[in-house]
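Next come two complexes built around chain A: one with chain B, the other with chain C.
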Partner chain A sequence: MSMFRVLDISSAGLSVEQARLEAASSNLANANTTRSASGAMYQPVTVVVGSQVVERALGMIQKPVVVDVVPTNAEPRMVYEPGHPDANEKGFVTKPGVDTLSTMMDLMSISRSYEANLRVFDITRTLLQKTLEVGSRS
Partner chain B sequence: MGSLNASVVESISRELDVCAMKHEAYSANIANANVAGYERVEVSSSANTAQLSAPAAQLLHTHDAVKLDQEMAKLSSNAVRYEMLLTAYQQTAGILNLAIKEGRGA
Partner chain C sequence: MTVTSIVPVSVANISASQMSSNEIASTQIAGAAPNAIFDTLLDHLQNVNTQLVNTDKAVQQLASGETDNLHQVMISMEQTRLAFDLVLQVRNKVMDAYQEIMRMQV
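Our next item is the complex of A and B:
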């Protein structure tokens, strides 16, 4: 039944937004990380989202899926902090190239999309419930 | 059945099908709103009630990007329409039921 497929599509949307939220929060939280367990610099990550055709005869309805989480090629920032143990001989510390402003913008768009998908899920649930009530009241 | 009611029930359920299909298309558009290169899908329905055997609606690819607010608005109004059709279906089925019971008892 197509209405149940809608729940599937909406939850796919929700999990994609959750993955994007995870990536954005990881980037923001690591904006000042100067060393990691492996010793390499923290590289900001981004989520690659693709579409997958939902099982359907007409074949055009698609649901989003997380294809991959990949590091971006953002250049690291050089911050002048002479007292820092990780500073180079000129007093500069290398920090991950996290663009805080655009990450905050991403967070807003993620929040809106998540809300929209949740709302669709809720509407679909209500419609399904109303459909099930047909025949029980008359 | 050749009764008037039967054809009403039939056309209402056909419209319900179209509504459910539209709901699916809009929700897919909302879910894919952030996918790069996604083109929104649209359901085109023909108001041809004379031909009940003809396919009710078909999916079309538009070449537009998804506008989240517009899609939400369309989805909500479609959901209201679905509820309205359900009520109409129930009322019509109620009348049929009354006929089946020969007018006795509600």
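Our next item is the complex of A and C:
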């Protein structure tokens, strides 16, 4: 429905931010994982976001869409922990290359983007509601 | 929604005028036009009802943990509310017009 197109676009934005939030939480939660389900090292993941032309919209209005969630090529950290079952012969344990500080910054940006999309949704809803009140104040 | 709501009315008017001669057509249009409005309103009500049922389903799925995004449920709830408000406003306008006509001195 044409009047709900903006709502669809901000809904797509919210979905993308949700995916980014999931990736960030997965990275943070796995910062100290030493073996993953497949046996290989946990690789920090990142979300690839693409855009899609909105159907029946004016011109090139696009909405974001999650294309893929891919592992990054971050170098693993070597932590000295002798006695750990996964330590090598020098006593170092390989841990995923999760950059906790930059992930926290990513979280802030995700939170702000999510809020921005919610705001767009709120404004659109208010405008639609005000439009429905046309002529009812007389 | 507003645009699509206008189209069936005009189509009904055009088909009514095409079917018969001028004199009959004018009486038919006079008779058909209010019905067309009510039909459109009913159509919209049907749409809103479908939306309501879908939203209800979405809320149930959310409650049973089958949905994974809250915002889509909330947005579909808002969409349904706005669609219902639109139908309500159209209904109010039609009722206003009807009452205005009933108040006329003959």
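The rule is simple: the second predicted complex is superposed on the first by the 132 of 138 C-alpha atoms of A that agree within 3 Å, B and C clash if a C-alpha of one lies under 4 Å from a C-alpha of the other, contacts with A are read in each partner's own complex, and residues count from 1 in each chain.
Assume a residue touches a chain if its C-beta (ideal position, glycine included) is under 8 Å from a C-beta of that chain, and two chains touch if they have at least 3 such contacts.
All values reported here derive from a predicted model rather than from experimental measurement.
Participant: Would chain B and chain C fit next to each other on chain A once aligned, or clash?
Facilitator: fit
Participant: If you stack the two complexes on chain A, which partner ends up touching A:T46: first (chain B), second (chain C), both, or neither?
Facilitator: neither
Participant: Between chain B (first) and chain C (second), which, if any, makes contact with A:R119: first, second, both or neither?
Facilitator: So A:R119 only meets chain B here.
Participant: Figure out whether A:Q18 sits in contact with chain B (first) or chain C (second), or with both, or with neither.
Facilitator: Only chain C is touched by A:Q18; chain B is not.
Participant: A:T103 in the overlay: touching chain B, chain C, both, or neither? Say first, second, both or neither.
Facilitator: So A:T103 meets neither chain B nor chain C here.
Participant: With both structures fitted on chain A, tell me whether chain B or chain C touches more of chain A's residues.
Facilitator: The partner making contact with more of chain A's residues is B.
Participant: If we overlay the two complexes on their shared chain A, which of chain B and chain C does A:Q62 touch? Say first, second, both or neither.
Facilitator: first
Participant: Report, please, how wide the angle is at the C-alpha centre of chain A between chain B and chain C, in steps of 10 degrees.
Facilitator: 40
Participant: Touching A:L127, do we find chain B (first), chain C (second), both, or neither?
Facilitator: Once the two structures are laid over each other on A, A:L127 reaches chain B alone.
Participant: Nearest approach of chain B to chain C by C-alpha atoms in the superposition, in Å, rounded to an integer.
Facilitator: Nearest C-alpha pair, chain B versus chain C: 9 Å apart.
Participant: Take the contacts of chain A with chain B and those with chain C, and give the residues found in both.
Facilitator: In chain A, positions 2-3, 10, 135 sit in both the chain B and chain C interfaces.
Participant: In their complex, what parts of chain B are in touch with chain A?
Facilitator: 20-21, 23-28, 30-36, 38, 41, 58-59, 61, 68, 71-72, 75-76, 79, 82-83, 86, 89-90, 93-94, 97
Participant: Which residues of chain C touch chain A in their complex?
Facilitator: Counting only chain C, the residues touching chain A are 1-3, 69, 71-72, 75, 78-79, 82-83, 85-86, 89, 92-93.
Participant: Which bits of chain A are touching chain C when the two form their complex?
Facilitator: Spelled out, the residues of chain A in touch with chain C are 1-4, 7, 10-11, 14-15, 18, 118, 121, 125, 128-129, 132, 135-136.
Participant: Quick check on the complex: what are the chain A residues that touch chain B?
Facilitator: 2-3, 5-6, 9-10, 12-13, 16-17, 20, 49-51, 54, 58, 60-64, 109, 112-113, 116-117, 119-120, 123-124, 126-127, 130-131, 134-135, 137-138
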